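Here it is, the structure, as C-alpha cells.
Letters A, B, C and D mark the chains as written, and numbering starts fresh at 1 in each.
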Amino acid sequence: MTERNIRVQPTNRLAVEDQEVEIVERKGIGHPDSICDGVAESVARALAQTYLDRVGKPLHYNTDETQLVAGTAAPAFGGGEMLEPIYLLIVGRATKEYEGTKIPAETIALDAAREYINEELPRLDVGKDIVVDVKLGEGSGDLRDVFGEDGAVPMANDTSFGVGHAPLTETEEIVYNTERKLNTEYAEDNPEVGPDIKVMGKRENDHIDVTVAVAMIDEHIPDMLAYQDAVDGVREYVSDLATEYTDRSVDVHVNTADDFEEGAIYLTTTGTSAEQGDDGSVGRGNRANGLITPNRPMSMEATSGKNAINHIGKIYNLLSTDIAETVGEEVDGIRELQIRLLSQIGRPIDQPHVADADLVTEEGVSVSDIADDVEDVIDRELADVTSITERAINGELSTF
Amino acid sequence: MTERNIRVQPTNRLAVEDQEVEIVERKGIGHPDSICDGVAESVARALAQTYLDRVGKPLHYNTDETQLVAGTAAPAFGGGEMLEPIYLLIVGRATKEYEGTKIPAETIALDAAREYINEELPRLDVGKDIVVDVKLGEGSGDLRDVFGEDGAVPMANDTSFGVGHAPLTETEEIVYNTERKLNTEYAEDNPEVGPDIKVMGKRENDHIDVTVAVAMIDEHIPDMLAYQDAVDGVREYVSDLATEYTDRSVDVHVNTADDFEEGAIYLTTTGTSAEQGDDGSVGRGNRANGLITPNRPMSMEATSGKNAINHIGKIYNLLSTDIAETVGEEVDGIRELQIRLLSQIGRPIDQPHVADADLVTEEGVSVSDIADDVEDVIDRELADVTSITERAINGELSTF
Amino acid sequence: MTERNIRVQPTNRLAVEDQEVEIVERKGIGHPDSICDGVAESVARALAQTYLDRVGKPLHYNTDETQLVAGTAAPAFGGGEMLEPIYLLIVGRATKEYEGTKIPAETIALDAAREYINEELPRLDVGKDIVVDVKLGEGSGDLRDVFGEDGAVPMANDTSFGVGHAPLTETEEIVYNTERKLNTEYAEDNPEVGPDIKVMGKRENDHIDVTVAVAMIDEHIPDMLAYQDAVDGVREYVSDLATEYTDRSVDVHVNTADDFEEGAIYLTTTGTSAEQGDDGSVGRGNRANGLITPNRPMSMEATSGKNAINHIGKIYNLLSTDIAETVGEEVDGIRELQIRLLSQIGRPIDQPHVADADLVTEEGVSVSDIADDVEDVIDRELADVTSITERAINGELSTF
Amino acid sequence: MTERNIRVQPTNRLAVEDQEVEIVERKGIGHPDSICDGVAESVARALAQTYLDRVGKPLHYNTDETQLVAGTAAPAFGGGEMLEPIYLLIVGRATKEYEGTKIPAETIALDAAREYINEELPRLDVGKDIVVDVKLGEGSGDLRDVFGEDGAVPMANDTSFGVGHAPLTETEEIVYNTERKLNTEYAEDNPEVGPDIKVMGKRENDHIDVTVAVAMIDEHIPDMLAYQDAVDGVREYVSDLATEYTDRSVDVHVNTADDFEEGAIYLTTTGTSAEQGDDGSVGRGNRANGLITPNRPMSMEATSGKNAINHIGKIYNLLSTDIAETVGEEVDGIRELQIRLLSQIGRPIDQPHVADADLVTEEGVSVSDIADDVEDVIDRELADVTSITERAINGELSTF
C-alpha cells in the first residue's frame, strides 16, 4: 500500500467471462438518451473552455440535466417528414458573471448543442425538426467557491465512487463495436442506417445472441423490399463483425419488433426514435465506458454534463476506466481487472480514500507477480489526475 | 347605391392635413412587436400555401399570437454578444390532418419563422441568439367547417370592420419612408443601422418633429465618436428625406434618450431591442397600412397571422387599404379619402353590409363629380375580393 | 389657454350618436384576451405594491405581455372536462434586486395571477386546467433609472397619447352593461352563464343589433332543451336591459353560430373559450374604457400590465378617460366630449404637450359658455395626476 | 429447475457484509431526483387507474421522464421566500383516445403531480413556488398494441433485467431508516427538518460513517444557535437509531458542508435544495429498493413512471425485490440473497428466460438444504406476477 492507499488484490468474484449468463447493452449515439448525454457533455465542454479562455480558470457549472421530449413524424418509403418537432431542454447550472466579466452561458450552450446535433444527427434540422431551449440557472452559493487555487489539485466535493473495468469481455466487445462500426464504417456506404442503433448482447455459456435495433432512414428505403435488404445487410455485417471478437456461436437479430404483415417496421425520417414517441434524458443510458453491464458493478452517476474540474463522480468514473484500460495494455497476465476509486470529501482528488484493484489473473500468473506493476500505473495516473480534466474538456474522453 | 351597398359621401371631419396636431408612428421591421407580426404572417402564408399544395384547398388556421420574450445582451463597441437568447413562441391554431393527409403544421411554422428572421434580422442567429418554439393547437370544432365550396366566395365569419385611407398625409409619408428607406437604401451603405427603427412624427400646424430611435449595431461602431457620427448621419439623411415630402419645417431627433455622459446609448449587438429588455407580440404595432395614426379611425384587429381566406377582419383591413390606394391613384381631385367596410356575418364577403367612402375633395371638385368613379373602383375591387386572399398568401400585401 | 396648455374647442366631427352607423364591442372578463389583460394588470399591481412595501418606492416593471395558449376540452351536457390544459405565460420586465433587497418578482407574479383567475374564472382549476408559467426579465439598463425623486411628478418616458370620451352613447351603454350585468347580477342566479361573454353592438340610424356570445357552462346544462332555455333567458334579459338605455328599436341575438342540427353549440366546461381553441394576449381587446369603438379615436397602447408610475401611455389613457367622465358629470350641456392628452418626452407628466377637449354641446349651449368649467376640471385632474397612479395600483381603475 | 427455468445456486461472490468497504446511499423523498421519481410514479398510477376506470383495461403510457429545473430562493432565519419558481416538466407518452373515449391524460397528470407535491412537500406552494408543466405525447404506433387480451399474462416487451436483494446489510438498514425515520417520526416533532435528506453510509470493516445532509427549514430556525441545535438534534437521533441496526462503531456527520464563519449553512425555505440550484430528473437516484448500492449489481432502469402492465424492466425490478424480501422472510438460514430475472422478449412475463437466486447461507446451512423452499417462493411469485402490476398501480410498491 502506497501513500495513496492503493490496494491490489485477487477478486472474490467469478470472472464475467466465466459466468453463465452475461448481458450487455449499448445505446447508440442517436438514441434519445444518448442524444441528451452528448448534448450535455458538449455544452459542458464548451462552458469549461469558455471559462478558461475568458477568465483563465474554471468556474462552477453542471449541465447534466438535458431533457428530450419526442416529436411526431410521418416516415414514408422514399422520404417522409417530421410533423411536430422534438423539444430539447438544456438544464443545468452555470456561472454567468465573474468579477465583472459576463459569460454568455446560455448562448454558448445553444451553440454547442446545435453543433453537436449537426455533427452527429445530420438529418435533424435544428430549429425545424428539433427545438433546442435552455434554462441555465446560477448554482447554489456555497458551490461557487469550491474551485481551488490555480494549479492546485482540487478537493473532492463529495463522497463518491468510480469504477472501471478491463479488458472488455467478448460480448462487450461485440456490443460496443457493433454500434460503433455500424454508425461509422457501415453507415458510410449504407446511408439507410440511422444513428439510433441499440444493441443488446446476451451470452449464455458459449452462445451469444446479439439483438440490434436500427432506425432505418426512409429517404434511402424506397420500398419494403429495400427495407428487408437493409435489415439483411445489417445482419450479415454484424454476424461477420462478431467473429472478429469471439469463437463462440453468435446469432444476430435485427429489428425483431418488425411486423411485415402489419407494415409495422422501424422506419424513420431522421434516423432516431426521438422523432416519434421516445423521450430521453441524461444519465439513463451508457456508463462512462460506453456500455451497460449488469454483470459488473456500475456507478449510478451521470457522467455526461458534469463539470470536469472537481466533480468527483465524473472524474473518478473517467479515471477508473482510464486506469483499467492502461493497466490492461501495460501489464501482462490479467484476465479481468476492476478499478474502484472512492473519494474522501475535502481531500485532494489525487488522494482517494481507497483505490483498489481487483484482479483475475491468467493461469500461471499470481496477483503478487504483477501487483507492483499495477500499483505503479494506478499511482502514476492518480498523480496525473488533472490530465483527466484537460482531456475531458478537450473532448478526448467519451462519457457515454 | 349599387347592389353592394356602396355609399360615397363628403366627410363630416376635418381633413387630417388640416388638423392642428397630428401624430404618426411606425415601428420598424426589427421592433419586437413587428418581429412578431412578421413571423406570424410568414407562418400564416406558409400554412396557407401548404394547404393549397397538399389538399388543394385552404384549411382552418390562425397564427396571430406569436409572443417574444426579450433576451439579455452585452453590446460593446466593436462587437458584443448575446448572453441569454430571445424566446419566441409561435402560438395559434392549425389543421393538422385532413381526410387522412397529415399536415406538418408545426415544422412548417418553425421553418417559415426561421426563414423570415434570417431574411429580415440577419444578425440574429436562429438557434443561438433566439430560440423559436411553437404551440399550434387544433381549432375549435365548429370553426373547421367554415370554408366554403371551391371557387365560391366565402361567407363572413364575424361582424367586423376594416378601414383604409389615402393618400398619406405629409407626416405619414415622412414617417413611413423614414423607416423604409433607412432600413433598405441607407442601411446598405451604413451597416451600423439595425432594423429596429422606431419613428414618431408629430406635426403641429406647419412644423413637424420627427423622432427616430435607431438600434445601432456595435460591430460597426468602434467607439463613441463613431456612434455620434452614426447618429449624425441618420439625422442628416432623414432631414433630407423629409424635404421630399413636405415644405413644412422639419426637425429631426435621433436617439434622444442617449446620455453620453452616462455612456447610456442605443447600442445593440443584433440590431433589435429584443436582445435586451423589450418584449413583443402580434397586433400591438402598426396597422395594415404600416402606420399607427391616432388622428384616423383604426381597427384593433391584428391583421398579421390571421387566415386570409375567410377571416373578415384581416380581409377587410387589407381590402379597404387597397381600395383607398387604388381610388387615390385612379381618381383625381381627392384630398383625403377614407374607405370603411363593414361585414355582415353569414353573407358572402364580396357583399359587405356597408361600404362607405368619406371624401374630402380638392378645391373646385365636388363629391358628386367623382362619386361614380369612386364607386366603380370600390365595386370592382369588391367583386375581386378573392384576389386579396391570393395576394396575401403570396406575400404581396404587407400587414404591418 | 393655461400654463398646462389646455384647449377647449368645438369638435369638427359629427357626434357619434348622430352618425349613421356605429359599431361597439366588448370582450367580457372571461374572453382569452381579457384574461390576459386581467392577469397582466393584477401582476402589475402586485409588483407595484411590493416595491412600495419593501423599498418604499416604485421600481421599474412592465408586465404587459401575457400570452395565453388555448387548451383542449371535452364539454358535455351535465359536465365535461378539460383534456389538455390552457398554458398562460406571464411575460415582462421587473426589477429583482434593489440596493441589496431581493424582490421575488416571479413568485409574486404567479401568486397574483392565480388569485385573479380563482376570483374571476372560478371554474378554471389553476394547476390542472391551466398552467401558469412566468418569464420576467430585467429591463434594459437605461430604463431602470427613470423614476424620479420621492414625491416629484415623474417625467414622461415617451411621446405618447391618451384619449377619453364621455358620455357613452346608447349603443356603448348597452354593450358595456350587457356584459357587466350578465357577468354579475344575471350570473348569480343563472350559473350556466360563463364569464366569457362577447358583446357586439351595431347601430344603423335608429335600430340597434346586439349580438351576444355566451360560453355556457355544461355542468348546469343537462340537455339541449336546457341549452335553448339558457339562450332564451339571456336574450330576454338583454332585451329588457337595453330598454333602460335607449328608445331605439333593439334586436338581441345570442350564440348565433349555434347549429342545433349539427349539435354545434357554445357549450364549455369552464366558461371560457380559452379551454378550446381560442388563444389570447394583452392589449388586443378592450381599450381603457372597457370598449372597442371604431367610431372614435382609440389608442393602440396596451394599458393593462404597464407600470402606473411613469408609463405615459397607460397614465394618459386612464387619465383622459377619467377626465372625460368627470367633466361629463360636473359640467352640464355636453352631448359629446373627447379629451386628448399628448405627452412631451422629458417633461413632468402633469404638463402635457397638449391637453385638448373637443365638445359637441347640447342645443342652446355654446362651447364658450362652458369652456372655463371644462378647463378647470382638466387643470385640477392634471394637477392631481399622481392619484391616477395610486388608484391604478389600488385596483380602483379598470384598464380593459 | 422448474418449467420456469429457476436456478438456485451458491453465490460466487463475497457477501457484501464481509467485504472490506461498503458504500450505500439514499436520496430522501425531497431530493430533486426523488421529487421527479415520485411525481413520475404518481402520474403513472393515476393514468393506469383512469384507463381501468374508463375503458376497463390498461392503455399504453410511460411517464418516466419528469425534469426539474431548480428555482431561486432567499432563505432567512425565521422565514425566507422563494424568488423564482422551480419548473417541473412532466414528460412522457400517454394514450389520449381509445375507441372514441377521450382520456384527459394531461390534466390527470397535472392533478396527480400537484396532489403528490402537496402531500410530500407541503411547503412547496404549487403554482407559486413551483410551476408544473406537462408534455405528454402519443406513443409510437407499434407500441400501442402490445397490451394483450384481458386477463392474459402480458408478453415481455424487451430483453430486460431485474435484480433484487435481501436482507439489507447493517449499513443499508441504517441508511434507509435514517432517511425514513427522520422524514416521519422525527420530523413530526422537529418541523425544522425538511424532506430533502440525503444519507450516505460508508462502512470500512467494522466502522460505519453515516453522512446526513438535511435541508433545514428557515421558518423554524430563528438564528444560528437554533440551527446548530437542529444539527445536533439530528446527529443524536441518527446515532441512537444506528445502534438499533449494528454493533459496529458508528460516526454520524450532519451537514458537513456548513461553514459557520462564512454563514454558509444548509438553510432552505421549502425544505428542498430544488429551491436553489439543484436540478433533478427521474431514474437518477434510488433503485427500486430505495437505495443506491454500488457493492451490488443494480439495474440502470428507471422504475418510476414506467407503465406497470407490460414494461418488463419495471416489473422485474419490482418483482425481484419482492421475491428477495419474501424469500428472506420465509426461508431461514440465508445470510445474503440475490434474485435476478431476465426476460425473454415475446414470451409471457411469468416465464422469464432465467430466474436465478444466488445465496450465501448461514453457517451450518447448505444451499441444497433450502433450495426447494427458495424455488417454491420464486415459482409462486412468478405465477402471481400480475399482482405486481396491481400493487404498483395501487401505490403499494415503492419505486425509489
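Throughout what follows, a residue touches a chain if its C-beta (ideal position, glycine included) is under 8 Å from a C-beta of that chain, and two chains touch if they have at least 3 such contacts.
Only a predicted model underlies this, so the values are computations on that prediction, with no experimental measurement involved.
J.: Just to be sure I understand: going only through chains that touch, what's the smallest number of steps from chain A to chain C?
T.: Contact-graph shortest path, chain A to chain C, evaluates to 2.
J.: What chains touch chain C and also chain D?
T.: none
J.: By mean C-alpha coordinates, which chain is most distant from chain B?
T.: D
J.: On a C-alpha centroid basis, what's the spacing between chain A and chain B, in Å?
T.: 51
J.: Rounded to the nearest whole Å, what is the centre-to-centre distance of chain B and chain D, using the mean of the C-alpha atoms as each centre?
T.: Computed value for the inter-centroid distance: 56 Å.
J.: Rounded to a whole Å, what is the gap between the Cα centroids of chain A and chain D?
T.: Here the centre of chain D sits 24 Å away from the centre of chain A.
J.: Which residues does chain B have that touch at least 2 chains other than itself?
T.: 84, 87
J.: Using the definition of touching given at the top, classify the network of chains in this structure as line, ring, star, complete or other.
T.: ring
J.: On the basis of the stated criterion, which chains touch which? Give every pair.
T.: Pairs satisfying the touch definition: A-B, A-D, B-C, C-D.
J.: In their shared complex, at which residues does chain A touch chain B?
T.: Against chain B, the touching part of chain A is residues 74, 81-85, 87, 96, 102-107, 110-111, 114, 126-129, 131-134.
J.: For a test of understanding, state which residues of chain C touch chain B in their complex under the given definition.
T.: Within the complex, chain C touches chain B at residues 12-14, 19, 21, 23, 65, 67, 69-72, 84, 87, 89, 91-93, 135, 137-143, 159, 161, 163, 200, 202, 211, 256-257, 259, 262, 264, 273, 276-285, 287, 292, 294-295, 297-300, 302, 342, 345, 354, 356.
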